[in-house]
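Given below, in the form of structure tokens, are the structures.
Each of the next two complexes has chain A plus one other chain: chain B in the first, chain C in the second.
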Partner chain A sequence: MNYQFDFHFLSGNFGALWDGLKVTVQLALISNVLGLTLGFGLCLLTLNRWFFIRWPAQLFIEFFRCTPALLQIVWFFYCVPMLFNVFIDPITMGVLALGLNLTAFNAEAYRAGVQAVPREHLDACVALGLRRWQRTLYVILPQALRSALPVLMTNGIGILQQSALVAIVAVADLMYVGKSIATEAYRPLETYSLIALIYFAMSLPIAQLVQWLERRQDVAQAR
Partner chain B sequence: MQLDFTVVLSYWQVLAKGLTLTLAFTLGCALLGSLLGFLLSLLRLSKSVFIRLPTGLYVELFRGTPLLIQLFWIFFCLPVVFGISVAPYVSVVLALTLYMTAITSETFRGALKSIPSEQHDACTALGLAKWNKVFYVVFPQALLRAIPPLLSNVVSLFKESALISSVGIADLMFVGQNISNSTARPVEFLTAVAVIYFLVAFPLTRLVGVIETRMLRRYAY
Partner chain C sequence: MTTSHRVAIAPSASLVPNIADANFIQLRDVYKSYGEGLVVMDCLSLDMRADDRLVIIGPSGSGKSSLLRVMMGLESIQGGTISFQGKPYIDGNSSKGRGKPLDVSLQTQIGMVFQHYTLFPHLSVLSNLILAPMKVHGLSKAQATEKARMFLARLGLENKLNGYPSQLSGGQKQRVAIARALMLEPKLMLFDEVTSALDPEMVTEVQSVMMQLAEEKMAMIIVTHDMHFAKNIASRVVFCANGKVVEQGHPSQIFTQPKEPRTREFLKKVLHLD
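What follows is the complex of A and B.
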């Protein structure tokens, strides 16, 4: 191995990388907001009494879980403008694709938590005269959120990494900027290593937090 | 606009070829990755920090960075660093296997840790030698319990394998995108490709559920 590492050229591209990073963070954050809220709603739909509501919701989840995220993104970028004759800017489109993907995964994550709410709590809600939305918002959601949190956060990290896929449809995120710098400077090694490190540095703290949360939950359960 | 899904049928041979390649890459890398992942999970239980730290770092690094970067890294950087030219499919197999190794080692580690401490105590009480304990008590249970998550890993590898199209391997994704570009019918072809992926992955995810509820309840718990 006689390769000379040279990280100097990257300093000139700092601004571009920073812009890319901002897009990546934006994509990941908004998709997570979408995924966390819509995921809970979708989860409630799959537990609905009516078959005609339950079934499409479940199909939506399975379809997003069983096809590649890359394909979903490419599909959104090519097919949504054609099918609906609308033009949406690329970042919004990326958020939409990633957000709906995360919605499907989060709905599954919420489900166990929602089902684990004891029957007695629901009876108590009736006894207290809470409305349906109050029961959902103040009794079911907090408990489901609490038990699903580690999985939800892991999914969140997952979407941060999947967000790199939008580079393939030319959204100027961190990965895309890195790819073009690597091609221009002809130094793929340094560029990709740096980008990998940036993604790693973003996901590692959250992964550690998840581990800590899981340990706490294990201890709480053991009691 | 007019949608005509019958055009997909005339391309079924190309799509089938792509699917075969996708399945071949998935299965090969899943097998290799599971074996290596199992070995790695054993290494991670080691008492020595000098083994635990690098293996832990490896797993975190591969789980903490996008697979796309790993692919590009190995595809572009391996030739530069070692000065050897590697065929694209070799670097792809390498990347997918390394990724699979990292995620399955976590699966096995979880399974090994799921053996309750009472059983370890019982082994001590019965005076079983360390290796007897590992082979007759820990492994059989842990391996059975690892089957469902292992299968889910294979399904996710199957989905992630669509990324290899970005380095020019003619897998299902690549073929689908190519045809949709050349025929200017993205809606039909991309949807058809999505349906094909779904038809393969969905039964597998159902299988995971069946194994979890039927088989494991009988043998492992």
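What follows is the complex of A and C.
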């Protein structure tokens, strides 16, 4: 291979890349906020004792788990406006698709955490006179959150990577900007390498943090 | 039994129920079964006075723990009635309350300590103690903290205030669990095999706290396999088998001259094992 690397052309595109990065971070952050909050709510629904509440919640989860994320995004972009006659800006649409996808995966993570809370703790809550919502908020959620945290964070990084999929529906995220620059400058190798490096640099610290948390939990459990 | 620091652990004198109240708790024909096969309470009737310390003994599966769990509202009954402080508390004969407590204000006057540690691991000792007083009784954080300090000091655990449950020994955990229940100023305390999961050397520290409560005339129902402790703490021993009360009486009578053959048989077995 006698390819001459040339990164100079990128200097003129820093502004565009920065804008793309901001969109990507925005997509990932808002999706995570949605996923973390709605995910817990959805998890509670799947644990409800009424079949007609449990069943649709489970169906929602299976829908997002059993179809490709790319398809979900495309479906949201093309089908939601047609079906419901609403036109939302592309970023919001992307956030919705990614956020609901994450909601489904996080609900499963939360569920494992909720089910790990010992039954005796629920009895103790009754004995202490705590109401159902107080029990959920002060006793179940904090414990479930703690044990589910590594999986929730891994899912969170996952959604940062998957946010690149919205480039296909012309949301101007990092991936989309990168693709445009690569095509305009005929320099795919440099551009895509740089983009990959940016995604990597954003994800690695979080992945390391997850590992550290898991080690700490193992130590705590061994005690 | 060491009772070196004889300071009151019950929060106030008003807590102690009226001694004259003979109708403190009345169970009438209480029926409870799990599915078809397992009947744990079979037309069980029992009275308790406000100054009683009932110790329930009996073979496993005889409904001892079920009785406590029903009183606490953790499980329902399918027949009979229970009154508490002269008021209807649980009605298993009608669909009202579905066999669970009818009156939340009565339910909150009962405290319970369990066999397994039930301190919330994500909360400090202090937060474990003040959670319910703040959320259920509406105490301010300052009031609740003050109260928690007082209880922990009396149980000799004041230096554990900011510790976490994982940093406590089993005996300390159970003592904090007792303090947590006492924070709500219950009129009745239920103890469900609270020393069964403990290492032998930690049993005494928990039992001495219970003895202290007994001296302060706290009404309690205790389920235990420790016959020696039962003899010491009980004002009345109730022997249950097959979901029925077989025999009850003063501990000295039950342990030395049991009337019923079933009681004799049971005591022979457990005392031999000791």
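Everything below uses one rule, namely that the second predicted complex is superposed on the first by the 223 of 223 C-alpha atoms of A that agree within 3 Å, B and C clash if a C-alpha of one lies under 4 Å from a C-alpha of the other, contacts with A are read in each partner's own complex, and residues count from 1 in each chain.
Here is the rule we go by: a contact is a pair of C-beta atoms (placed from the backbone, for glycine too) under 8 Å apart; a residue touches a chain by one contact, two chains touch by 3 or more.
Just so it is clear, the model here is predicted, and its values are computed rather than measured.
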First, second, both or neither for A:205, with chain B first and chain C second: neither
Partner chain in contact with A:134 - chain B first, chain C second, else both or neither: second
First (chain B), second (chain C), both or neither touched by A:41: neither
First (chain B), second (chain C), both or neither touched by A:126: second
Chain B or chain C, by number of chain A residues touched: B
Touching partner for A:74 - first (chain B), second (chain C), both, neither: first
Touched partner set for A:12, first chain B, second chain C, both or neither: neither
Footprint of chain C on chain A - complex, ascending: 118, 120-121, 123-124, 126-130, 134, 138-139, 142-143, 146, 220, 223
Contact set on chain A toward chain B in their complex: 1-3, 62-63, 65-72, 74-75, 78-79, 82-83, 85, 157, 161-165, 167-168, 175, 178-179, 182, 188-189, 192-193, 195-196, 199-200, 203-204, 207
Complex contact set, residues of chain C against chain A: 69, 72-74, 104, 107-108, 110-112, 114, 116-118, 120-123, 131-132, 135-136, 166, 177, 180-181, 184
Contact set on chain B toward chain A in their complex: 1, 60-61, 63-70, 72-73, 76-77, 80-83, 155, 159-163, 165-166, 173, 176-177, 180, 186-187, 190-191, 193-194, 197-198, 201-202, 205
